[in-house]
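Have a look at the structure that comes next, please.
Note that the chains are named A, B, C, D, E, F, G and H in the order they appear, and that numbering of residues resets to 1 at the start of each chain.
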Amino acid sequence: METPNPNVKMWQGNVACAEAALAAGCRFFAGYPITPSTEIAEVLSRRLPMVGGNFIQMEDEIAAMGATIGASLGGAKAMTATSGPGFSLKQENIGFAVMAEVPCVIVNVQRGGPSTGLPTHAAQGEVMQSRWGTHGDHPIIVLSPCSVRETYDMTVRAFNLAEKYRTPVILLSDELVGHLTEKVEVPPIEQLGIVNRKKPLVSPDKYLPYELNESDIPAMANFGDGYRYHVTGLAHDETGFPTNNPEKIQVQLERLNRKIDRYRDDIVEIETHYTEDADILVISFGSTARSARRAVINAREKGIKAGLLRLKTIWPFPDREIEEISAPVRKIIVAEMNLGQIAHEVEWATRRSKPVVRVNKINGEPITPNEIFNAIIAQD
Amino acid sequence: MKNISEITINEQWCKSCEICVSFCPKKVYEMGRFYPIAARPEDCIACKLCEKLCPDFAIIVTAPEKPDLNKK
Amino acid sequence: MDYLQYLRLDKMPHIWCDGCGHGIILKSILRSIDKLGWDKNDIAMVSGIGCSSRTPGYVDFNTLHTTHGRALAFATGLKIANPRLHVIVVSGDGDATAIGGNHFIHAARRNIDVTMIIYNNYIYGMTGGQVSPTTPSRKKASTAPYGNPDEPFDISRLAQAAGAAYVARSTVYHVGRTDKYIEQALTKTGFSVVEVLTPCPTSYGRRNKEGTAVDMMMAQKANSVGLERAKNMSEEELEGKIITGVFVDKDQKSYLTRYNEVVEQARNAK
Amino acid sequence: MAFRYEVRLSGSGGQGLILVGKVLAEAAAIYDGLNATQSQSYGPEARGGASRSEVIISDGDIDYPKAENIDILLALTQEACDKYIVDLKEGGVLLIDSQMVTKIPEGNFQVVAIPIIQSAVERLGKFLVSNIIALGIITKLSGIVSEDSVKHAIRSRVPKGTEEINITAFYTGIELAQKWLDQNGPLNT
Amino acid sequence: MDYLQYLRLDKMPHIWCDGCGHGIILKSILRSIDKLGWDKNDIAMVSGIGCSSRTPGYVDFNTLHTTHGRALAFATGLKIANPRLHVIVVSGDGDATAIGGNHFIHAARRNIDVTMIIYNNYIYGMTGGQVSPTTPSRKKASTAPYGNPDEPFDISRLAQAAGAAYVARSTVYHVGRTDKYIEQALTKTGFSVVEVLTPCPTSYGRRNKEGTAVDMMMAQKANSVGLERAKNMSEEELEGKIITGVFVDKDQKSYLTRYNEVVEQARNAK
Amino acid sequence: METPNPNVKMWQGNVACAEAALAAGCRFFAGYPITPSTEIAEVLSRRLPMVGGNFIQMEDEIAAMGATIGASLGGAKAMTATSGPGFSLKQENIGFAVMAEVPCVIVNVQRGGPSTGLPTHAAQGEVMQSRWGTHGDHPIIVLSPCSVRETYDMTVRAFNLAEKYRTPVILLSDELVGHLTEKVEVPPIEQLGIVNRKKPLVSPDKYLPYELNESDIPAMANFGDGYRYHVTGLAHDETGFPTNNPEKIQVQLERLNRKIDRYRDDIVEIETHYTEDADILVISFGSTARSARRAVINAREKGIKAGLLRLKTIWPFPDREIEEISAPVRKIIVAEMNLGQIAHEVEWATRRSKPVVRVNKINGEPITPNEIFNAIIAQD
Amino acid sequence: MAFRYEVRLSGSGGQGLILVGKVLAEAAAIYDGLNATQSQSYGPEARGGASRSEVIISDGDIDYPKAENIDILLALTQEACDKYIVDLKEGGVLLIDSQMVTKIPEGNFQVVAIPIIQSAVERLGKFLVSNIIALGIITKLSGIVSEDSVKHAIRSRVPKGTEEINITAFYTGIELAQKWLDQNGPLNT
Amino acid sequence: MKNISEITINEQWCKSCEICVSFCPKKVYEMGRFYPIAARPEDCIACKLCEKLCPDFAIIVTAPEKPDLNKK
């Protein structure tokens, strides 16, 4: 037996998410229980009061999302967590957060769908919903962790991106990662690079909460800071007040979308293994990427030139990275626990110029390394 | 020293609902062609009901400096 | 008092119809705030969507115009995150009791430290006169062309049953009473509700042949009965009457107090 | 190359097998400096029905965290045994409760049958500690983690106030395993 | 009586924990139905999601397991589209009063011709013991580790304030009373609610050290007070007590009656 | 003045929708008012009682969707209507209808988004949300009318497809069409080809509500018909009861998706103008297609070989039709009141093999014929 | 080629211009056998602010249903006039309320100024019928629909009980237009 | 003619919650190793409380054809 390192924890993914939120500065959590995300709420109901933060279980997911936005406007870093059905319910208010540019983190620990589906089983069916679930054109940032440690890191990153870009960020986990217990060496807080929202430097009478500035990211005053401004989900101008002026609306909505687009290189993260000389490229993300990695290693052991591209950022979609890395390969395999949501985007990115083989499963069971390996070695 | 109320009607904001005309206990107002007119300001007892009831922030009543509340 | 100091003058005149009572309620709110001498920076006004929910746009506070029915949810998060703020929610009857009904009863149950002013005009004004949970039975609405088959909610009774600390009802006609209730509500710890009946001549009055705003306010005057008097009246006598008064005013620990207590206790136990 | 050791703990919901998995994984990862993952799969519903908990232990990275090629399978009920035997590797160990699992599936593996639940009830007076007895047996049979590490992990994971009875249960398991080995000779591992 | 004729035998034994009171409630429901002699084809049982909401899966009626909290909304459509069906909604306290709270008060307001049986175990059983709107103050739950800061809803009071035609409360221990109330509710025209308190030893009892299901039922026996007796007790005496009885039983036109009347009237007017 | 034909009406799109629903046999409507869809509810609140049907205004959109599903299970053809924010709220229950295979029609009269956006202005921002708005993998049928008459026809078709394929169908209208008053010659009811759900022919003890049969479309008994079955949003097998068996789940979910995929040729409808010899193809849908048509006519008048492909069915996506029709063209223009949701799919369909020019607008103003015309004549 | 005639009716919300549009379109489409569309655009909000209603009349198909090249523009308020004049075609007709619109924008078009609202109040005692007076004027000036058709359309669209006053208002409008034409000579159309 | 109640316990369904054992007014049941046992069926007064309270549909009590309700 070794003397244990106190920073090394055996944590569930959901526990790591909760702990990371605290480390990132989260001081408000509003939730509504739902399998398999509930542990995040449970841990935070115990831990937040210890650090002077607030936990509240709301009457439903809609209210939880509303309270999260309200708390963020009040100055707290705020988070909510849910799974499929609850994620559907939150959509209207997620759209509000996008439109009003309120930083917050929404965790979706995916389970089998559609509808009540498979509450205790993993799936990756909300790739598209996390992009398009709320009405109207809008940008969004979505990150997807494949391990407990990465759940920690990405939760911190989700807060950082939310604050930096004044936007909601979705952490798209899944039941497998959320319920997996795994070793985590908790990084020291100094290494987390905590980002806080940019506060206005001007006096209140000069403050434009939706300013068209050079960075495209307006500074954000908290309610009570002495800046008395207006926040609405209606189309608004720089002042935050509703407008009907088509020009003003167009520039604001364009800025809203550009704000994420132009920083996509800062937001998009991928990871590659053995892609340099690969002629078969496996693309995967979240828990399924673990199987993909093993399949690729197995293939390499058999002398097959397989490589892995793992998407850490799902949206904005790493299309350019995919196009570039897949350029030399002969075939692409996309493994995901859905019916091909990422595969469709990969086909777009690669102009359907080469075969994109889909390894899909939606019955609650994880995709095994072997299933991916078989796709690698299949003659097609 | 003024001894009658000063009644200002903001015609930019007034929407001619006639609430002031109807509810003034002293019938100070009359309806003009488009806007109410404080026809009898001398009758005003500065109760400010019109000001309070005007939904459009269009009336400001300034009481006389020493309002004569006993005035008929 | 000077109302204008609280208004965003560049947004005036407001968009409410001629005779709409919403402006009268807003004035009551502003008078109460003025009387309390609160700093504008310390006030947050939160609304959902509706004609009434436009109120925040006109006042120079920290203002938040959320999604339809959800103001209390946002306000709950805001208040908890920044307890220093006086959080006032304004809401229409539809916003508060149709789509927002659940948040309403839960805010009352939790006794969250927020004041809610409900502008009850018996109708969905903003969308053009659809039936509301408070539309009186048999009255007409654009989605109840043959008359509303349902019985309306008694908002104050619901708030009471759900646990609110302060519940009162008034009408825009009874402006003095309204001022008093709003002031009491604003100074109450916990969840306080003031329901103010207000004429919507455009979307309700016209369709139900209730005349102009003036006529509708006259009817408020004629049909209101104070709570005390109402207690001695029979059900029949009360038919069609508006009962005004303070229904609940009790001292009970608010959400924030209780949450802090529990946490304190947990810390001490450690 | 890195080794990979797979343990599957199966029974019915509520038998505490998730806890066993977590303790085993923690012993390996925190105290023995290895890598370990623990995962579980629930029945059709959050409770009831056959359920399983899986631990993978390795000195390298663990990618796929589910068992595929099981070294040791614990089955506390017949239903679980029938359902979860599939992935037991050739020559692997099937550890069963000798009273609950009476129909032993066919296959090329070594069977260890011990009256685990009965021992819990009779020797410790608590049905509920069957899981920790099983943990003791697995610790002994597998040799994959040190007894000390498991003991520490038990202390850190079980509910306050139940540490002692659980430690006793753990050593009961070790003892039962030892007895079995004494009687049946060593396992091929 | 023969319960088995109403069960889907291939789904038995049910999945509820040992000692879970949900099965006791189900039996009460079946006894009442049996007594009424209803045809199984004419019965629809609708639920949301939760342990209690599994009930429809076990009974041989037309059964509908909807989304969490929404059973009453589905049931409303079902009843209106096919008024011949006896529509029974079963719901947990969370399902009925947390996420489903709005549908609950609106079903009561509308007086829709549906009977709702609420299995109140003070907790979210299915998801493992999170705090519910009915969890008593200071009791522990997995999301209230320091004790619940909130005051619980009084479900029956809420139903009453919202307008239900029949409202009663019982416990699983008081099985005779439960039978009677359910039968009354089933035969009531309009919206009827029976709240039955039921032990959840797994997710509530254990965490709050309330012992086994037997202990919890013993406590029901010890702490219940009939409505009549409760009227003569002080608030302090009532602390921690469960008041059982029929809170509302009034004759008022149901939704379907009123809707048909209004439409008939409109047709005649043509 | 001519003697008016009594079948010729000047109807708003929303009125046509309501009247068509009645003609299609709709006897239940549950709604919640929201601009710009409210007229549908208003008309039906008056008209349904006249035909013995039921109108109910529910407490919110979630309840309206639930009641709609409940009514359909009770045997009524049922509909609900809403706009953006309400559409977001309905998503969870839409997923239930998909999973439980309950026929119903959901109308979304699109307005400007995201969030409260532009309540009284047209947009087409819910193309992707109508496909992916609810959690989990699921199929869906979405139709988009460009005129009042087509609103009538497509509403009828929506009911027919819903009943035929036992699925919810979304009618994706927009403010412009919904509020446009236009001449409609109401077709005689015999021409509508009314379809009713397939009832079971077997005895109740043999009835499998989710049977894996040759057609992939199980027969549907109404509650009260004497078939006592179970309906759930959980993953279920042929009997309708929940199951955890991966094989059974996989076959059911595959059937669910295949049910729409295999009949896509029956479902997909497009319309073309001047595409035979076109070398510039304009693709559009809904109200924007009207501008596109004019732009194309104007271009033809100038001797430019432009053609129009109008998507009547949005989902399943007319990818094959697009690929085929666009094969000979030099450039594609996609005009839509969003930021390129259809354009992205068009790029997929055409393998990004030729320029796809986007004519987008999201400020509440319609795209004018001229804006499209300019894109046609632009040198690129 | 098919003709396309564009009418824009502008003023402030609540002036009943949507109704006028619908009546005009119905007259053309139902009674005159033409094609017609009517559309509107609301202010920032459902009520208040400048608002417009548009009618397109054609003997062919009407694709784009919004006005781009307006034949006749009615402006009942200055705000509406300023905001909506843009699309009035060269030589088109600008019909204004002579009391409400006092600053006439520059441009190459024919102006018809008539005290519409005043006429409604003075001649019919009802502010509310200004819209139908305007409809009468437009009917006369444009000649695009027959008076009889408009009359029928009015009857079918206005609230029950208000038919007569509206018909009177319509003829008042025709009369006012005739008077204007008599005084100013015919328009170029 | 039977003169004692027939008590059937379905051990497939019984979950051993002991409710029957605890609430039988006549203490007819005793807990066996896993399942309750109707140890004193002769004391049963066929009140069927156990049947009603068993949450698992595991008890069926058939009253004697002419139940002797006076039996001690």
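As a working rule, a residue touches a chain if its C-beta (ideal position, glycine included) is under 8 Å from a C-beta of that chain, and two chains touch if they have at least 3 such contacts.
Quick caveat, the model's predicted, so the values are computed rather than measured.
Counted as hops between touching chains, the shortest connection from chain B to chain H is 3.
Looking at F-G alongside C-F, one finds more C-beta pairs in contact between the chains of F-G.
Separation between the centroids of chain A and chain F, computed from CA atoms only, is 30 Å. Computed from the mean C-alpha positions, the centre of chain A lies at a distance of 39 Å from the centre of chain E.
As a whole-number value, the distance joining the C-alpha centres of chain G and chain H reads 87 Å. Of all residues in chain E, those touching 2 or more other chains are 17, 65, 67, 98-99, 101-102, 106, 127-128, 133, 145-146, 259, 263, 266, listed in ascending order. Contacts with at least two other chains are made by no residue of chain H.
For chain A, residues touching at least two other chains, in rising order: 35, 49, 59-60, 62, 85, 92, 96, 115-116, 119, 232-234, 242, 244.
Against chain F, the residues of chain A that register as touching in their complex are 62, 84-85, 87-89, 91-92, 95-96, 98-100, 110, 112-119, 123, 125-126, 128-129, 131-138, 232-235, 244, 246-247, 249-250, 253, 257, 338-339, 341, 344, 347-348, 351-353, 361-365. Chain F makes touch with chain G in their complex at residues 1-2, 4, 8-10, 35, 119-121, 176, 179-183, 290-291, 293-294, 297, 366, 368-370. Per the touch definition, chain A reaches chain E in the complex via residues 31-35, 38, 41-42, 45-46, 49, 55, 57, 59-61, 85, 115-116.
Residues 12-13, 15-19, 22-23, 49, 52-58 of chain H are the ones that touch chain E when the two sit in their complex. For chain E in complex with chain A, the touching residues are 49, 65, 67-69, 98-99, 101, 124, 127-128, 130-131, 133, 142-146.
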